[in-house]
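Below is the structure I would like to discuss, written out as structure tokens.
In this document, chain identifiers A, B, C and D correspond to the written order of the chains, with residue numbering beginning at 1 in each.
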């Protein structure tokens, strides 16, 4: 099979670098083009990028010359993976979709639009059904925009999705402890976070309180309608490099037990597993029984960073249950999520 | 006025060192005796202790010779401040009380006993009324045991106490992010916490879920009866040196507004302020309005570490309100709390 | 005595904040004017500044309105303390000196000029004798520029100065481990330094290898001539908030012993101590005997951060002796150094 | 080929865990037996160990039952990899060698003995020639003891060995910045190292100043005679998880240039590369040209942690040259080094 050519938008940023790392050897996709700001354009990638990952830049990408965002018309890729900053993603992604590319985006700009699927493939792949209406509405001929969610709520939402195969979530209170890599580079100043916790991330609490409902919502007519249970989020930045941790208390409509939820989560598989998507983890949710897990340092790389790790599942004396959830914010929480979305789109014949 | 002689039990430990630091220049109390394990006994304090604070050992304490716990009978102090580890505190504190000392303890052993006051002086000084019954029941003639609470729940409990002057707390969900100094020395291994979060502290969640109710409870007959609203706690260790942070969602029986609670907290003063106890902060609760506060690094030393710092007070879409609370775990959360308790006891003529 | 009015240039930066903190209650000087970039100008200080210190902004400074650098002519202060970034310090300091102000600068721009004193008051106050020539050469009528040194070499140079009262340094090899606050704010990105060491600080190795020789040099004619012994520096950034540590091996022309050098250092006092300058430490050099000291966390605040802390003084099998030196980089290493310089200038009648 | 059975002594410790991880899939060796203290004995490995690595315990090792050190006689392995603590390694390793095992040890106990090879396979494999004399002297029939060096000096000594293929080192001044994992678990208390640097590691400076000379020494008669150039070491613990960094200034007998040394290092290969030992890196020394490298976070895993990473190679104004060297302290600096030694022994027919 000939590999599908893909472009990476925002290729020099933190998420862009993860795209380069994860797609360096992909079985279906091949990085054909790198797009970044004018400052980087015209340079070979290894000169343009301030590479921050602890693996080498893939050999065949090193000398790929970065294209400017002003030359999107010259792109000959089928998929545009977007790791763009939200300050510029809006226009660029729109232009790419108009040019006929499948835009698979990690940016927040279109996530909450009713005609734009916000996808966790294990949970709401049916939301892709709005794409024809998106194309019609926005005048895209072949292109479209599909998004993945914010890195802080993706993991508990994936768990909620698994739980909702049998039960119904009625409310949730969430406290996040998020890694610095989530803010990109240079991102968080070391003077702010070394030996400290910052109880604030701009715009984040709002995303954590609204994106899960969209993912757990339904397609009604041609639009995605969010679920309506309330979520209360308190977000914190902690001095951890990679790995977002969250404590989550939640209510269920039905009576059940910790053991039943645990079993449900451990056995949960869904479409990406059935389709054997290359980036899909064997099990999207991993349950740990130890009292002191999950921990970012020890559990981050389980299933190559593509699973949500659940621990401390127990009765909550105020709501019904509580748990602690961990996920790799720049893999399943960003670039890896987009890649899994693209794999799903490809396997479903949408690319 | 001649100063009152005090002994420090567990003088070489983390809390013991804070006692030495904070009592080095106290206006009413004078460190007369230091008690520690047999390993330290017989040595001058500066040789016995592995001093971990960033101020010098007070000059007059440096050469005080440490006494062994086997010679409690020789103590001629009126007050015994206990920074003992809970593995040994039970017996030693009991013996001291029997010997006629006022035991003002930071250890957890007797905290939940119905005849032992667990005191936050701004909130439940009336619980001291059980002391005569304690003495009777346990056969103490002059001595007694008074405790202060766990460092993780003290701060939000102080805030709850202030709120309860007008409203009634009905339930609370708490996630703590606790500093390493809370575990004493050597305590948390660096390999466990550097760049990591540990979602577990032995015995801590239970304390956070039960001690607040005792403090917010009432004396009925001769015993302290705990309040009965439910608290759900998730406790975490973070790589912060000093300063416990907690996100707290809580329900109220009454309808009210963020502004009213905020005003209530800002103006809250109580007995320690009225009595002008030397260690009492001007205001026990400090409210910050900025979205990114409180932070351990910036706010820890407000009011010499004796206040609870509240920020992010806002509506909670699930319970009624939420906030983030910070406190200095080894000052107001431990040694400073005990000293304030002792000041209260002295001013009320109980010592 | 009426206090002398002083202005702070770059008042919102990291060093500027330290100036505000340390001068908030100074016995001789009074902050009269705050100068910062146009972005901050016109705002009250507490709104203009992103305050990063763990004490409150001094009450009387909070509402002082920040002046822009375009209105230096309106300054009515006698002294301008400069915490300006070197990218802008050159012109602004020059203009202030022309306007008749005593510019006491922490910026590096003029440090190595032969007519500009680079002063550690304990070591080379005689270098102030070039000021009349500076004024003549540069056309200053009343104003002048005096500088303090880089934060990384100040501490071992102070120690070298003390040693040179009896012996002669012939060479030195230095490895620094420098705190993040030395890079200002936002400065070092957390993704670069959390759990890491960076063996590079732009321009720093050069300063560490040349500034000590100027300080240890002599006035010849009207110019300062640097000493000529070689220094080799390797500079590193470490995840420490405040406090630069350095290992230093050095050769001496004379034979001597560790004990003699230690005694020399412990007893060293100089002009600032004799003149009882308000910010001068009792002893400029503190010697620790313990094998595991000095440490930033434990020793940083000795003598209010105004001393160099020496430990591990011992024979070096390659050069003659070695030691580990610690200092507070934003106090004695920056703002505190400039204040001590200004106190010296005032006491000598030069202001 | 049938795999060779190996035992791991001290299998539950920090180095022992690395042995388990690295030998889990070895092409020549197969973990047959795990030995640990009485506390662990009798338990399946996954219960006995407090596993601290971020990969899973190899599946086939998980349930291997740990043997006590009192039953060494029952071992049926050919090789005993020792990750024992030096407090117990002396006797146990001796007993294993007497029992006929090839003891390949990471412990320091026998390193400096003149009849015990202290081996870096790229540098001094000829030192193995003393083994027959060791056996004779100590009454071993078939067994023997071979050691690898301390983790802090291994990397610059490997570089020195490469340089000595053409030039002669005359002296060196070294400052180390060492990771916490080097102290084992629980090892360094978090209260000591979080946001701090500790200028002391027990016994370490001495090892750094003496082990390199043994490795760079010669076999004379039946004994290894150390080289005699002086090394001066200052050792520091920094808040880094894995990865020891060192600044190294060194003198050479010959005149040469940075470029020539750089080329020499880049092209250096030796016996392990020629023999294609499975764990040998393609190039034992990797040279980085960027001013800000090597860094633990970015460069630690180059060549699976088996190379020394050199950066900042330049003229030293005091000695002749200087550089910064990084290495993975628990891979090439400990377990990986021992495994490479064992591979060499096997390939040379000594096992």
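Everything below uses one rule, namely that contacts are C-beta pairs under 8 Å (C-beta built on N, C-alpha and C of every residue); 3 or more make two chains touch, one makes a residue touch a chain.
This is a predicted model, so every value here is computed, not measured.
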Where chain C and chain D overlap in contact partners, by chain label: A, B
Type of chain A:chain D copy interface by residue overlap (half), same or different: same
Chain whose average C-alpha position is farthest from chain B's own: D
Inter-centroid spacing, chain D versus chain A (mean Cα positions, whole Å): 41
Approximate Å spacing (C-alpha centroids) for the pair chain A, chain B: 43
Geometric centre distance via CA averages, chain D-chain B, whole Å: 47
Shared-contact residues (touching 2 or more other chains) in chain D: 52, 194-195, 239, 241, 297-298
Of chain C, residues touching chain A in the complex: 14, 52, 180-181, 185-195, 239, 241
Residue ranges of chain D in contact with chain A within the complex: 52, 54-55, 194-195, 241, 297-302
Of chain D, residues touching chain C in the complex: 171-173, 175, 177, 195-200, 209, 230-232, 234, 236, 238-241, 245, 247, 249, 291-298, 311-312, 316-319, 322, 324
